[in-house]
Every structure is written in C-alpha cells, then in structure tokens.
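The two complexes that follow have chain A in common; it is paired with chain B in the first and with chain C in the second.
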Partner chain A sequence: MTQAAMTGAVRKTPAASRLTRQRARAAWLFLAPSLLVLILVAAWPLLRTFAYGFTDANLADPGAAAFIGFENYRFLLTDPLWWRSVWNTVFFTVVAVSLEMVIGTIIALALNAAVPWRGGLRAAVLIPWVIPTVVAAQMWGWMYHDIHGVLNEILVGLGLIEAKLAWTADPDLAIWAVIFTDVWKTTPFVALLVLAGLQMVPRDILEAAKMDGVSGFKLFFGVILPLIRSAVLVAALFRILDSLRIFDVIYVLTGNNERTMSMSVYARQQLVDFQDVGFGSAATSLLFGIVALVSVVYLMLGRLELMRED
Partner chain B sequence: MARIGLSQVTKRFGGTEAVSGLDLDIADGEFVVVVGPSGCGKSTLLRLVAGLEDVSSGDVRIDGQVVNDLPPPERGIAMVFQSYALYPHMTVRKNMAFGLSQAKLRREEIDRRVRASATRLRIEDLLDRKPKSLSGGQRQRVAIGRAIVREPKLFLFDEPLSNLDAALRVEMRMEIAKLRRDLNATVLYVTHDQTEAMTLADRIVILNQGRVEQVGEPLELYRRPRNIFVAGFIGTPAINLLPCTLGSGAEGTVIVLPGDRTMPLPETLRACFGAGEVPSRITLGWRPEAVNLRGGTGGRKDAITLGVEVETVEHLGAETFVHARLDQRTIVTATAGANFQAQPGQRVAFELPLNRCHVFDGEGATLHHPSSGEEG
Partner chain C sequence: MRLGYAQRRRLKRIGFWALAAVIVIYTVFPFYWSIVTSMKTGSALFSVDLLPPDPVWENYHLIFAEQPFARNIGNSVLVAVAVVALSLALAVTAAFAFGRLRFRGRVGLLLAILAVSMFPQVAVLSGMFTLVRWLGLFNSLFALILTYLIFTLPFTVWVLTTFMRELPKELEEAAIVDGAKPLTILTRIYLPLLVPALATTGLLAFIVAWNEFLFALTFTLSNEMRTVPVAIALMTGGSQYELPWGQIMAASVVVTLPLIALVLVCQRMIVSGLTAGAVKG
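Right after this comes the complex of A and B.
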C-alpha cells in the first residue's frame, strides 16, 4: 500500500466516528422526552415506595417517618396473613391462567376455522375483554348474589343445587367465583393473541400435514402448537404477570376476605385501611420483586428454549 | 404408478369457475406438465387431484376408481409445494418420517425408506438439521424426499422450482427429470415456466381460464399450435403475430398488413382457405427464428419483406434477438447470429418466408401451420 493511501485510510476513521457520535447524540435527543416522563411517573414513585418500605411512615403524616431498617420486611415475612395472600395469589394465577390458556386456545381454533359469521363471532367474543374490570366484577357480584342473584335462581330452578349458595362469601366458593369471573373476562385476550399466531401458520404446511394424513390432536400438538408457540408463551406471560398483581376483581367481589386476599389486596389493606404507608410499601416492594423475578426467569427460560431450538 | 382420469371436472369458487368441464387422461408412468398464465386454474387442478379441494362436478379417477370423496392420504398421492412447506420445528429426518409414522409403518421400514431417499437425493448429511439452516435448494430436496418416502402412486408438483435462483433451477430441473426416470412414476407437474414444461414433459397441457387449450407433446405444441393462444404462449421470444385484413382489389384478393401496407394475397396463403370463402380478418405468425434479416429491401417472391426500425438488440452470446418496430403497435422479433450488430433507430428489412408462416382465422383458430420440416 502506498503512503498516500495509508494516510487516507487513517484519516477516514475520525470522520466515521464523528458521524457515529452525531447519530448517538441525535438518538439521545429523541429519547430524552420519554426518558424524562418515565423517570417522573415510574422510576421516582418506585424509588419512593422502596424508600418508604424501610420507614414507619403513616398515611396521616408521611413526612414524619423514621428509618427502621428491615423491620417491616421482618414482620411481613412472619405474618401468616401475608403468606395466606401469597398462596391465594399463586393458586389463583395457576388455576386461572391455565383455564384461560386452554379455553382461549380452543376459542381461537374455532374462530380460525372457516365458520359462518366469523367476523361477528370474533367481535362478540371480545366483549368481556372490552368491559372495564370493575364494571365486570360488579356485574358478576350481582349475579353471584346469594339472595337476588340470577346464578342461584337458575341453578335452583334447574334443580342442580338444593339451596341458594353464598358464592362470594362462602370461604370455599369465593376463590372459585373470583377465578370464574377472571377467566370469563380475560379468555378473549388469550384467544385474540393465539388467533393472531394461528393466522401466521402457513396454509401450505397445514396442507402438507393434510397430505401426510395428520389430523386432530396430532395435528394440533405435533404441527400447530409448535408453530404458534411464541404467541402462546407471550399470552401466558402477560396473563401470569397480570394475575400476580390481581386486585380489582378480588376486591370488588370479596373485599378483604382472607380466603381470597391477594398480595395486592393485602398491601392495599395495610396502606389504606391501616394507614401504615411504611409497611404497605414494603409489601408492595416485595410484590414488585416477585413479579419481576417471575418475568425474568420466564423470559430466560423462553430464550434458552429458543437457543436449544437452533 | 397410476392412471389418472379427469372427466368434466369443474370447480367453482363462489360465482367464478376456476376449472370448467376439464377432461384429461394421464397414462401410467407419464410425466404431464400443466402450464398457463397465472389464474388459469392450474394450481386448482392440482389441488383437485390431491383432494385439497372438492370438485363442484365431474369425476377424478385414480386407476379407474372415482376418488372424489376420498381424503388426500387415502389417494396414494404425494405433493411437493412451491414453498416446500417443511415443518420448521422438525429435523429433516422427522419431516420425512412424519407422514409414515402417521400411516403406522414399522420403525425399521420408516428408517429404511428415509435413508434410501436421503441417499437418492444426496441429503444424508442434512438428516439431523432443521429446515431453517438449509439453503433453498436443500429445502427443495427435502420436500421432494418427503414425497418419495411415501412411495406414492402419483407425484404432484406445484411450481416446485419457482423459489429457486436461475442456476439452481436448471440443476433441480435435470434432477427431477433423472428422478422421474429412476422412479418411473406418474407425475402431474404445474408450472408457469414454459422451459420447465418443454424440458420435463411427456405431454403438456396448456390451460387458459380454466379450459384446456391444447394437450400434446412439447414439440407438437411448438410446431402445430391449435390456436393463437398456444402459439403465443409456447416459445421464447414469443411468436410474431401480424393481424391482417383481407379485401378485394383490382388484381383480386389483397391483404392489408399492419402499417396499412397492401399487397396481393400470395398464392401460398390463398391455398390455406381451400375452396371455402376467404375470411375478412386473419393473423399471420412467424417464430423469431423463421424471420430473416436482409440488408436491402428487395423482396423475394415467396416471402413478405417488411421495413422495420431496430428498437433493441439483445446479445445472448450464442444468438442475438433483434426487436424492431413495424408500426405504432407492432414489434417484430428476429433471431440473428451471434455477431449481428445494429444500432437502435437503424432501418433494416425483415424477410418473412411464406412457407414458415402460421395462419390463424379471425377467432384465433389455426388455419395452417408450416409443414414440420420447414419449421425449426
């Protein structure tokens, strides 16, 4: 290489990096507004909550808080009601999400088939998802009502139960009433995501399977499910995270009932009813930690699975 | 191996007929290629035979048995899709074995068949790979392998080479031809590529708007097209078609060529109409290789000589295509030697020998084609 060419090559480097710096600066400029908003509405409140968790702050006068170290967490981890609410939340999540995934997938398969009135059916299925959760929960609350509720009316009328049941007050029934309402409400969301996945399945592959004589369960579990796996995993992740944070359905239907109390309901009770901002914040922080941990583990498992695929 | 019979097969989608009253018989071990422009119904035809679509009316027979109501796996057919349609989550081995395990074959038998066809297609090394890590040509081989392992009576190919690049397409074309000789199988092959049709087929079916235009051996279709559509569809570059009108003048019947050039109707053409009445409109056709280039304008008696203006010259190495403008609407193409040189805009003379002329009537049906010795 000649001397001139070499200097030329050397000179090129700073010019390229200046362009890179310019691009980086522009990128930060565009990101700044959203970063600012995120810091104000997400990072700051989150940090405040973490901080309150280490104090004995009171709702009446949060300013007069004293640092008490891990005292709140020590008490939290020994409170049987907290562990009860953790168990309730986990039970609710496992049962409700499993039901939603199975029923949602079945509905999606039905909607994906060439059935008449498909467009109308798709819209109709979405209705429960469109209704605000509080409204839906209140509506179900009335239907579950032990004396005036339509559910008891129908079941007694059909002779399926002898006497009217207190669906939301009975300790053994309440959690199932909550689960049923949540499944009714969020299955359409799962169905929609799975349907989107199903519509991405190439027709040729389904026809190749048809030529291979594959049908029914083998077609679904052997061909379709592996192809829509990522859509199913995403739907399940969303539902798991939502369920771990579950508050509105439970609170509207059963209030502070111990048999249905979730982690969020527990934190609210401490923070609002008992005015204990410090302790409530500690419970909320722990809930945040649990949800974060679950999503990180879930995503990592998903990625490992994908790497194994390749 | 199997005989296929289609009689009066019609397929309607809503109000449109994709295939209309189609009759076709395929002999045992025959390689039949269906070609036609897009939307002509060729893929529908294949899917009807496969059983992926139901016929609206008519019968599909395999070895004499009507299979209209038989589901695809029971028809003894294997199909190769344009997109390969491999199962992306399965290894090559599983892709090939999946249909067999479904058919409840014994494990050793499945293994034997998979290994045999992998060897035949030279994909033994790929058996444990997933389709994602294969090239287009390799995927195509796997797709063909998946068809072979089923040892079907009939192979269906739906534009199998259209997703490959040009070089690979030629290679796979030869491979399919060889495979077919080895397997001695009956094949129904759909393509829009007439080169594939010409090189692979025992017989070609030309389909247009759901109807058969002509069925025949490749060279027969080239030399003796039954109508203007077939003449125009087979052959690259396409046949030159000159719409003409016939009228009577002082010296008897005259022919008016594009560009309003009038000349007495040559005796050779006159003979095409026989004793019957002379039609008012005809179309004359010459294959590009039948067109001679002349330096001057002096015309031979047994040819029509046209003065044209060169538009583009395409040097292909072994030969040269000269596209020249006759008038506003008509471009005439001639095949010239490898060293032919001309500038766009240059005036040249094209000589169209009458003994190599195809003649079509006003409806496009063939009145006359050159005797085969002269066409070439």
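Right after this comes the complex of A and C.
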C-alpha cells in the first residue's frame, strides 16, 4: 500500500470523519451571527436599493411606490449633470490616485531608509491618516479661504501666483482643491502599504545591486519596483475604489457645486435633498455597477500580469 | 569637477534631511495651522502669523457653551465603542471558523465578505434608510451602531482571520485529542493569544466609526443626535455669511488630539493591523 492510500484510509475512520463533521457543523454555528448581521445590514439594503431603482418611490412615503421599469435609468443616462458627475469622479480618481501613488512611494522610501528619527517621521506621516476626513476638509477649506487663507498668502509671498485665488469657488480650481485635500489625507495609507512591501525586499538583493554599481533611479525601477509590485497594486486598488465613491471631502469643501460633484454627491442630492428615492437609487445602483466592474477588471488584469510573470 | 566620496555622501545626507523636513512640514502643517487658528478671535483670525500673537481660549469655551459639542463627542464615543464591541464579538467567532475550521464554501464566503467591504457606502443608502425607519431607529444613535457594522464587520473578520491563520496548529491538536469542543478551543486557547490582534483591529474599527460621515449625516436629524464629523461639517455661527472658523478649528483640534495621541502610542499596532488586512491577505 502506498503512503497516500494509507493516509486516505486513516482519514476515513469513523472517529476522524465524525470529528470533521463536528467541526464543520461548529463552523456554521460560529459564522451564523456574523452572516445574519451582514444579510440584515448589507445584502438586504443593497437589494432593496436595486429594487427602488425601478420605482418612482419618494422619501416621504417609500412604501407607496409604483414600478416604472427602466424609466429612471433612461432619464439618468440623458441627464447632463449625471455625466458631469461621472466625468468629475473619473478625473478626480485618475489624478488623485496617481499623485497619491507617487508621493506615497517617495514617503515610503524615505521611511524605509535608515534615518535617526524614523519613528518621528512615521508618526508625522500618520497624522493626516488619523484625522477625520471631514476635519481635513474643514482645515483645508480654511487654508483655501480666498481672502484670509494661508495658502494664498504663502503662494503670493513666494511669488508663485500674482493674485489671490478663490480655490473653492473658481470653477476651474475647485476640483484641484478637492484633489489636493484628498491627496494629503490618503497618501499616508499608500505610504504604509508600500513601506510594508519595501520591508519584505531582501537586503542581500539590494546589497548585490549596489555592489554591481546599480543606484538611484535604475535601482528603484529595475530592482525594487518589480519586487514591491503587488503591494503597490493592492494600494492602488484600495485607493481607486475609495476615490470612485468619494463623498465627504466634496460635500464639505464645495457642497453641491456641479464642477466638483461626484457620483456619490449627485446620488445623495437626488435621494435626500430632492427626496427622489427611486431616481437616486438608480444612480447609486449604476455607481455600484461601475465600482464592481472596475474591481473585477482590475483583479483580472492583476492576475494576468502575475501569470505572465510565472 | 568630480566630487569625492565623502562630499557625495554629505550631499546625499543633506538631501535626505531636506526630504524628511519637506515631508514633515507637508503632513503636519495643516494641523498646526488649525491649532494656531483655534487660538485667535476677531480680526486676529485674518492675519497670517505662524504663532498666535496673543493666544485666547475663547473658541474652545464657545464650542462647549454655544454648541452641543460635548453631547456630540459623547455620541461619537458611545457609537464607536458600541460598534467596536459588537464587531469584535461577532468577528472573533467568524474568524475562528474561517481561519481554523474546514467546511464547504469557506473561500467563497470569505471573498463575499471581502466584497462587502468594497461596497460604495452610498450604494446601500436608500435600502439602509428604509431599514432604519422600519426598525424605528431614525434620528437615534442605534441607527448608526447598527449600520456601521456594514463596514466594520467585514474588515474585522478579514483581519482577525489573517491573524488566526498564523497561529500554530499544534496548539489545538492536543486539545482535540483531549476531546475539547471547538468553543472551548476558541475561548481557552486562541482568545488569550488574540488579545493583541483584537486590540489592533478594535483600534482601527474605532477610528473608522469615529470618522464616518455619510450615514451619520443622513440618519440623524437634530443637533443633539449628531456625531462629531457631522457637527463639525455643519457648524454655523451667529452670522450666516461668515463661518465661525475659529470655532470650527477649535472643534477640529479637540477631536483630533486624542486620535493623534492614540496614534503616537500605538504606532506599531496600527501599522501592523493596516498591512495585515491588505498585504498579507
């Protein structure tokens, strides 16, 4: 009898399989409370929202709703403000996440280098991460203030701009005000994830590269970046998903201004301010679809990439 | 002219210190500026001094005297503590099942829970609103305690599962031979070992619940039921034309200082918790 067949035979003894069954039953008992809670606060609200999207429900009495098919979606796809908010969200996501990845990686490299006060540097970097988003938006809102803001004062003082700018009111600048705030707030998260990747890079590989005279940019792009690729990809995925649903910063900083309106801000305005639960739900369902699609495509591309490497 | 080795080294070192200084100024300055602003009133608010010329505490007095800010802080503490306690209690048994027990559909279920944590919050807003009203919880803190579970529970399950998996198998084998039931194994063997992981995960869940805005904005109505982020976002003063920036900054400092103290004390814990959820998973 081969080794494998023997272990197979052993596993099939009544006592062992009883134990397996007992443990599988216990697993479901242990999972039940969490699963019930998630069905109540995640699955049900999501499905209810999808269902509302096909009705003309309003906030005052959502129970009295009539089924209207794809009417909400038809209207949504012809609403220029919706497309404006889609474009704003995509523009914001691409620009902000790119900046966050670049600045986050630079900070991670600095944190990874052996410096005397690395602990202090890391503590400083964690500050924006822990500050509530709403608070960050208010802090920046005050710094952006068109007349009394410190940002204008500094930029004028340095001679970088000639006159004070209305950061949050100027239609062309407002989206940048949002981007800079979000980049400040979320770059530490990227830095920490990239740093975790950097710390797994074996020291001897770096030593060997240095012995061969590889340094600077070449060392980073040729040796380090391929090794920390998965950490970078994970950080980027988290940031992209977060950016596509951005709400807090925009709501506090620029309100319902259509030059900065994101899909989430648009949907909440329809739902709560205009009380149009049916239409608002259609918008949030579309947002959900977009986020799901982006995640699936991203994960598939990531997997293809990894397979090609093997 | 070529630089010598020592000179290049020194240049590199100066460049590095400059980079570190730029990073610190970039990350700390906005918070520093809010502290400075919070100690100014009247026309001093509109001058740009790096130190308040004559610091006053009036704004701090006003947020507690004119606004129900103490109440708001109490609300936030209550909600965050309750959410953390509930999430950990639910997640620790689920993580035991995911990390330690074999059963059909384990991977699929774990991925489904991970998917929930990626939901855009607004995507469940109208369904959640219906749930909250149906349970009679509108404008109550219980609405927030219940609804926050949608993001704290998947996250705590996920992180605790990765911690649970790393514990050595030998620990429970002896107990299984002795005929211990799974619940005994969880509470007697694993729970004591998980205390650091629970602290880390709980801390992260606390911060997430403390900072949440969209649900708190939508499911509460009155000033007295607001949590800190909503109170700070909607803070208005006597005049409708100019926001009370001094008070907003004072409130921001009050709620941020404890968080920063927490971060300074628990740096290592936070970093390990954040990366356990993402990189190892």
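Throughout what follows, the second predicted complex is superposed on the first by the 283 of 310 C-alpha atoms of A that agree within 3 Å, B and C clash if a C-alpha of one lies under 4 Å from a C-alpha of the other, contacts with A are read in each partner's own complex, and residues count from 1 in each chain.
Here, contacts are C-beta pairs under 8 Å (C-beta built on N, C-alpha and C of every residue); 3 or more make two chains touch, one makes a residue touch a chain.
Everything numeric here is computed off the predicted structure, so don't read it as measured data.
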{"item": "Chain B versus chain C as contact partner of A:127, first or second or both or neither", "value": "second"}
{"item": "First, second, both or neither for A:80, with chain B first and chain C second", "value": "neither"}
{"item": "Contacts of A:69 with chain B and chain C, given as first, second, both or neither", "value": "neither"}
{"item": "Which of chain B and chain C A:150 touches, first, second, both or neither", "value": "second"}
{"item": "Chain A: partner with more touched residues, chain B or chain C", "value": "C"}
{"item": "Which superposed partner A:192 touches (first chain B, second chain C, both, neither)", "value": "second"}
{"item": "Contacts of A:212 with chain B and chain C, given as first, second, both or neither", "value": "first"}
{"item": "Contacts of A:23 with chain B and chain C, given as first, second, both or neither", "value": "second"}
{"item": "Shared chain A contacts, counted only where both chain B and chain C touch the same residue", "value": "none"}
{"item": "Of chain A, residues touching chain B in the complex", "value": "202, 204-205, 207-214, 218, 222-223, 226-227, 309-310"}
{"item": "In the complex with chain A, residue positions of chain B that touch it", "value": "50, 52, 71-74, 77-79, 81-89, 98-99, 102-103, 130, 132-133, 146"}
{"item": "Touching residues on chain A, where the partner in the complex is chain C", "value": "19-20, 22-24, 26-28, 30-31, 33-35, 37-38, 40-42, 44-49, 52, 57, 59, 62, 106-107, 110, 113, 115, 117, 119-140, 142-143, 145, 147-148, 150, 153, 184, 188-189, 192-193, 195-197, 230-231, 234-235, 238, 241, 244-245, 247-248, 251-252, 263-264, 267-268, 271-272, 277, 280-281, 284-285, 287-288, 291, 295"}
{"item": "Contacting residues of chain C [partner chain A, same complex]", "value": "16, 19-20, 23-24, 26-28, 30-31, 33-34, 37, 45-46, 48, 90-91, 93-94, 96-98, 101-104, 106, 109, 113, 116, 118-131, 146-147, 149-150, 153-154, 157, 176, 181-183, 186, 207, 210-211, 213-214, 217-218, 228-230, 232-233, 245, 248-249, 252, 255-256, 259-260, 262-264, 267, 270-271, 274-275, 278-279"}
